[in-house]
Amino acid sequence: MVVFVRQFVTEISVRYGETDQMGVAHHSSYLLWFELGRTGLLREAGHAYRDIEQGGNLLPVVEYACKIRIGAKYDDVVRIETAVETLKSRTLTFSYKVKRENKLLATAWTKHLCVDRDNNIRRIPPEIAEAIVPYLVSPG
Amino acid sequence: MVVFVRQFVTEISVRYGETDQMGVAHHSSYLLWFELGRTGLLREAGHAYRDIEQGGNLLPVVEYACKIRIGAKYDDVVRIETAVETLKSRTLTFSYKVKRENKLLATAWTKHLCVDRDNNIRRIPPEIAEAIVPYLVSPG
Amino acid sequence: MVVFVRQFVTEISVRYGETDQMGVAHHSSYLLWFELGRTGLLREAGHAYRDIEQGGNLLPVVEYACKIRIGAKYDDVVRIETAVETLKSRTLTFSYKVKRENKLLATAWTKHLCVDRDNNIRRIPPEIAEAIVPYLVSPG
Amino acid sequence: MVVFVRQFVTEISVRYGETDQMGVAHHSSYLLWFELGRTGLLREAGHAYRDIEQGGNLLPVVEYACKIRIGAKYDDVVRIETAVETLKSRTLTFSYKVKRENKLLATAWTKHLCVDRDNNIRRIPPEIAEAIVPYLVSPG
């Protein structure tokens, strides 16, 4: 597994509405938690995603994958660790670890494409790319 | 209870992800079903909401209420009946009944305000108001 | 408006996935935030809802209402204030205020019925009822 | 790309609440649509998932991946094609294609582990495995 040299860490409480009748958080809920992770990382790096969008750049998710080892439960306090797996001129991949008391519950990544409001592909603005370089993971 | 003289009817299957650990559809899921109801009613009335928005009018939900008598379960086929409860110059209230095999599971209403893209209050365009008049409910 | 004498306060960040194409938090998202509010209130009162459920008592939402005055936006830090509006032998109503920097965005309430695992109506366990009495609102 | 020899096909309308402020269906929504796909496939194969669960077998999602080529929009009628990618003694992978008027919007897969109510790993009941064999994909 890749090593997160520098990461953004945030904690969430699993909401009741995020569970399903198996009694664990529905697998789609994790994707909402990852949004909090990358939103936080970008803000910490000095470029709030809200501002990136207002600047005319969007970073839609074009691909994602998630592996759940242990299900998170209602009211669990879950820790989301976020780093940057790959940075290319026009795409960006975030990597995530979900933990509960240092036990690894899930791993995931989301790949984003930089586009403008009219959905034309763009280069990631260099100041944003530079700001997130410190969060690049190392091979394990 | 009000009588639905003319109504739009649609059916949905309860999704697994809409359940929670009580084993019934989470109470927030109903709001998503109601969207299908009023989207269908408006389209049947000749004014698809997609087109209303593209014409510069938005109908955000400003108030809602829902009463659940019997919980809907995973894979239940649920029938959503939608009518118009109140029509005013700038607001509009839809009324909903949720049924499973003619058993009433829930009732609800959503109130919408007509605004433009900049969130300024507007009159509901008269052609839309006229088109939905036939869906107005009668006092029970 | 009722006065919250004692309340539980929690803050959330609006998630991207909670927005809709109007650019504000979808009206169903508020219901998920309210869950965090009452979960927190109950835990603060000494009866985590997780434990209440494990003790065989469920508190499903049987009715709810919400009034949105100003839409919450992506990445907004939103404050949820929760108190108890009504306490009866078998039902319980929570009241909520949603604020952003002391501006009132929305008000709401959710009514809960106490049932057992087989959906039989029960009295709210007295120790729980007593513990939440301090959170009862005053008439405004 | 793999060829779907036999598949289950279902159609959904994209709900307003499934969109986000980019104006397309949020990437997590697709996972809910896939549930409808595999629920339908299993029912068509003679083993409704509801019955499988009541028989004491659960098929939680332990891994998933999705690639979005074109975003689905509000009110789009979207076609979900579901087949079985891999069938092993204790795991099962469904494969999905999302289309709008024969244009491919997204591809995905979900991997499921067979467990009992106490989360012990189990063999997939042979009658279920046999029933879904006809839905196995062919290499492209």
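Going by the order they are written in, the chains are A, B, C and D; count residues from 1 in each one.
The definition used in the following text is that contacts are C-beta pairs under 8 Å (C-beta built on N, C-alpha and C of every residue); 3 or more make two chains touch, one makes a residue touch a chain.
Bear in mind that the values here come from a model prediction, so they are computed numbers and not experimental data.
For the interfaces B-D and A-D, the C-beta contact count is higher for A-D. Set against the C-alpha centre of chain A, every other chain centre is closer than that of B.
Here the spacing of chain B and chain D, counted between their Cα centres, is 28 Å.
Taking the mean of the C-alpha atoms as each chain's centre, chain C and chain D sit 34 Å apart. Mean C-alpha position of chain A lies 24 Å from that of chain D. Listed for chain C are residues 16-17, 22, 24, 28, 31-32, 74, each touching two or more other chains. Residues 13, 15-18, 31-32, 35-36, 39, 48-50, 74-75 of chain A touch chain C in their complex. Taken in their complex, chain A has these residues touching chain D: 21-22, 24, 27-29, 31-32, 58, 60-69, 71, 110. Interface of chain D with chain C (complex): residues 16-17, 19-24, 26, 28, 74.
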